[in-house]
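Listed after this line are the structures, all set down as C-alpha cells.
Here come two complexes built around chain A, the first alongside chain B, the second alongside chain C.
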Partner chain A sequence: MTWDWDYAREVLPKLLEGLLVTFEATVVGSLIAYVLGLVFAFIRRSRIPVLSQVVWLFVEFVRSTPLLVQVFFLYYVLQPELGLLWTSFLTGSIALGVHYACYTAEVYRAGIDAIPVGQWEAATALSLPRSRVWLGVILPQAVPRVLPALGNYTISMFKETPLLIAIGVVDLVGEARGVGAQSYRYVEPFTIAGLLFLLLSYPASILVRRLERRVNRQH
Partner chain B sequence: MSTDSTDPTITFDAVTKRFGAHVVLDELSFTVDPGEFVTLIGPSGSGKTTILRLLMTLEKVDGGTISIDGEYLSHMERGGKLVPADEKHLSRVRRRIGMVFQQFNLFPNMSVLRNITEAPTRVLGLSKGEAEARAVDLLDMVGLSDKASAHPTQLSGGQQQRVAIARALAMRPDVLLLDEVTSALDPELVAGVLSVLKEIASTTDITMLCVTHEMQFARDVSDRVMMFDSGRVIEDAVPEKLFTSPEHDRTKEFLSAVLNRA
Partner chain C sequence: MFDNFGFFFPRILEGLPQTVYATLGGIALTIVLALVAGLAMLSRLRVVRFVARVYVEAFRGTSEVVQLFWIYLVVPILVGFQVVPLAAGIAVLGLNHGAYGAEIVRGAVQSVPKAQVEGAVALNFTPAQRLRRVVLPQAFVEMLPPFNNLFIQLLKSTALLFFINVPEMTRQVEVLRPNFGESLATMYGIILVLYLLLAIVITGVMRWLERAAARRLGRRPPSRTSALAKVSAGGVG
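Up next is the complex of A and B:
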C-alpha cells in the first residue's frame, strides 16, 4: 500500500464537491432541527390535548429507531406515497433534520425549564402578552444557554451525513467511494475524506466547548 | 360595568385557597380602601404571600371571590352566573395591579431602561419616547438616573430592587403589592429601598399591600396593619395600636419574637 500524491491531488476537487454536499445537508438538517425542535418543545409544553401527546409519541418513536430506517422510510415509502417528488438530497436532509429535531426538542425543553419561575411571574405581573413573554423574556434567555448543545448536534449531523449514501446522495464519502471505484485505489480518497471530516469537526467542537464555557460563566 | 366610588379597592370575600389537602386560606374576608397602605404581618406560613399571589393572579382561588374596585378579579359574570375568570378577563383586570418581588426578578436580557419601558410599550401602547420619558422620571425618583443603560447584573441588590419598583410603577397601577421586598438585601441596602417606598406612599394615591418584617417601617408608613395566623386575620388595627397595645396573645408573641430577632 503506497501513497500516490499525484492521484491524491487529482481526486481532491471531486472530494471537495462531495464535501459541499455534506455541508449543505448539514446546514439544511440543522435549520430544520433548530426550528422544528423548538416547535416540538412548544407543543409538548402547551399541553394541547391529543396534539401534545402525538408529538410526544413521535419524538419517542424517532429517538428509539435508527436514523437509517427513518431515511429509508421517508425515501421509499412516505415520499412516493405522498407524491412529493423530492430529490434524494432533500429527502435525506429532511430526514436528518426531523431526526435531530427530536433531540433538540429536549435541549430546548431543558433550556426553557432552566429559566427561573420568577421571570414568568414578573412577566405576568407586568401583564405582558404571551407572545412577548416568549419572544422578549424567555427565549432570549433560554436560547444562548442551549447554543452549545445545538452546536454539538450540528457536529453529529455533519458526521452522520454519509448515511444518506444509502438513498443515493453523493456526499464526501460517496464521492470518495466513486472516484475510488473508477481507479481501484481507495487509500487516498478515503484518507482524505476522513481528514476533511477531522479538519472540520475538531475545530468546531473546540468552538462549541469555548461557547459552553462562556455560557456557563454567565449563569 | 359600573364602578362605585365608595367601593373598596381590594375586596376578599370568603376566599379559600388550598394546596392539596392543606387549607392555607379558609374563607378569608377583608377590604382595603383606595389609597390605603396596609401591612400584613404574621408568622411564616400564615398565608401572606399567598394573598398577594392571589391578587396578582399568580394563583387561583378555590372558593370565594376577589374584587378590585368592585370588579371581580378571580371571576367574571357570564349569563348572570359567576364563573372563574378566563385569561382575557384576567389580563384586563390584572393591569391595575403591580407587584414587587423578594428576588427582584428583573429581566437580565434587557437594560434597566428596557426593563421599565417593555410593558408600557407592549401593554399600554405607549410610544417608545413616552415610555422612555416615564422611565427616566421613575429612575430619577428611585435615585438611579445614571443606570438607565446598565444591565441588571451590574447592579447591587438594592439597586435592582429600586429598578423593580420603578418597573412596576411605570404601569401606573392602582394597587401595588410588595412581598418582603427587602428580605433578600444586605442590611446596608435596606434603608435606600424603604425610603423609596415611603416616598411612593406619601406622594401617590396608589393602594399598597405590603408584607414585611421591617416593623419600624411598617409602623411609620402603614395606615393599617393586619396580623395573620393560619390564614385568618386575628388582629386588624392602626399601627400605633397594634404595635404598642396588641389585643391578642398571638400578636404579642409574634411581635416580641420579631423584635428580639432584629
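Up next is the complex of A and C:
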C-alpha cells in the first residue's frame, strides 16, 4: 500500500479542525493546572492540619494512577453523581488540568523552597503583611524560575490530550480515527497526525529549553 | 453497590496479569532501548549520534496514543500481517519510554567525572572495560531514581492499551460498564487501588536496587523516604 497524496490533502482540513480541539483542551487544562497547582502548593505549605494531609494524599494518588482511568471516573461516576451536565470536552479538560495540577504543585513547591531564607527574614523584619510577603516578595521571584517546568508540562499535556477520545472528544486523533474508519485508509491520517504533533511539540520544547537557559543565567 | 462484587471482582482481576505483562515487557524493552540509544547519542560517530537523536525526538515529540494507533493500524498494512494487540502495546510502551530513558542514560553517563575515565585510560583499560568497569557502575546509581519515575509513567501508560483492545484492567472495566453502571465507582476504585499498589511495588524494587548499587560503589545508601512514588518534574517529558 502506497502513500496517497490526494487522500492526504483531502483529510488534512479535517485533521486541522481536530488539532484546534486538541489546542483548546491543552489551553483549558494548562490554565487549571497552573492555578490549582499553586493552590495545592499553598495548602501543603501552610500546614493546615487534615487539609494539608488530604491534599498530599490526593496528589500522590493522582500521580500514581493512570490519567485515562481518572478521566473515566470523572466522566462516568463523579460528574453524574454531582448532577453536572459537563460535555465530554469540558470533563476531559478538567481531568487533564487536575491531573497536571498534581505535578505543577511539586514544581511550585520546589520554586518556593528555592527562595533564600533571607528573603523571608527581610520580609518579616519589615513586618510586611502576609499577602504582601507572598505577592510582593516570594511569588515574583519563584514564578519565573518555574516557568520552564510549567512549559514542559503543557507540552506533555498536549501530547496526552488524545486519550480524551475515550470519552468521545473528537480531537486530532479522533478525527484521524474517524476519517480512517470511513475509508479504511489509516496510513495517511495517523501519519499526518503524528507529524503534526512532532511539528508543534519539537519547536515548543526547544523554546522551553532556551527559556530554561535564560532563567538559569539570571539566578 | 456491593451486590455484584463477587461477580465483577474476579473479572477485573483477570485483567491484572495483562497489565503486569505489559508493564514488565515494556520495562524490559525500555531498558534495552534506553541503553542502546543513550550510549549511541554519546558515540564519536556522527551518523550513530544522528540516528539515535532522530529516534529519541520522534518518540518524545509525538503522542503515545498516536504511536499506539500507528503501530496497531498502520504497521500491519505496511508489513502485511496483523500484530497481537499485547505485542503491539509492549512495542509502543518500550519504544516511547525507551526514548525518554535514553536521555536519562546519556545524562547519567555524562555526569560521571572525567577524571574517572582518564584514570581508566591511564590504567590501560580498553574502551569496553572503561565503560563496563568504571563508567556504567557509577552512572547506574544516577539512573535509578529517574528510571523509577519512568517505570511508573510506563505502568500508567499501560491503561492506554485499552484503545487497542488488550484485555488489561481498564478494558475489563469498560467491558463490564454497560451492565454494572451502578457499581462503576467501586470498579474504578478497585483498579485505581491496584495501579497504586503496582506503583508502590515498582518504587520498592527500585529503592532496593538503589541501596544495593550504592553499597557496591562503597557509597552511603540513600535514605528511605516516602514509600509512594515521587514523580519529579519532566517525568512525562
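To be clear about the criterion, the second predicted complex is superposed on the first by the 219 of 219 C-alpha atoms of A that agree within 3 Å, B and C clash if a C-alpha of one lies under 4 Å from a C-alpha of the other, contacts with A are read in each partner's own complex, and residues count from 1 in each chain.
Everything that follows uses one rule, which is that contacts are C-beta pairs under 8 Å (C-beta built on N, C-alpha and C of every residue); 3 or more make two chains touch, one makes a residue touch a chain.
Quick caveat, the model's predicted, so the values are computed rather than measured.
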Which of chain B and chain C A:E10 touches, first, second, both or neither: neither
Touched partner set for A:P66, first chain B, second chain C, both or neither: second
Partner chain(s) touched by A:D113 [first = chain B, second = chain C, both, neither]: neither
First (chain B), second (chain C), both or neither touched by A:A149: second
Chain B versus chain C as contact partner of A:K159, first or second or both or neither: second
Which of chain B and chain C A:A122 touches, first, second, both or neither: first
Chain B versus chain C as contact partner of A:S201, first or second or both or neither: second
Residues of chain A touched, compared between chain B and chain C (which is higher): C
Residues of chain A that lie at the interface with chain B and also at the interface with chain C: none
In the complex, chain A residues that touch chain B: 116, 118-119, 121-129, 132, 136-137, 140-141
Complex contact set, residues of chain C against chain A: 57-58, 60-67, 69-70, 73-74, 77-78, 152, 155-160, 162-163, 170, 173-174, 177, 181, 184-185, 188, 191-192, 195-196, 199-200, 226, 228-229, 231-237
Of chain B, residues touching chain A in the complex: 56-58, 91, 94-95, 97-99, 101, 103, 105-110, 118-119, 122-123, 164, 167-168, 171
Sites on chain A touched by chain C in the complex: 1, 60-61, 63-70, 72-73, 76-77, 81, 103, 106-107, 110, 149, 152-153, 155-156, 159-163, 165-166, 173, 176-177, 180, 186-187, 190-191, 193-194, 197-198, 201-202, 205
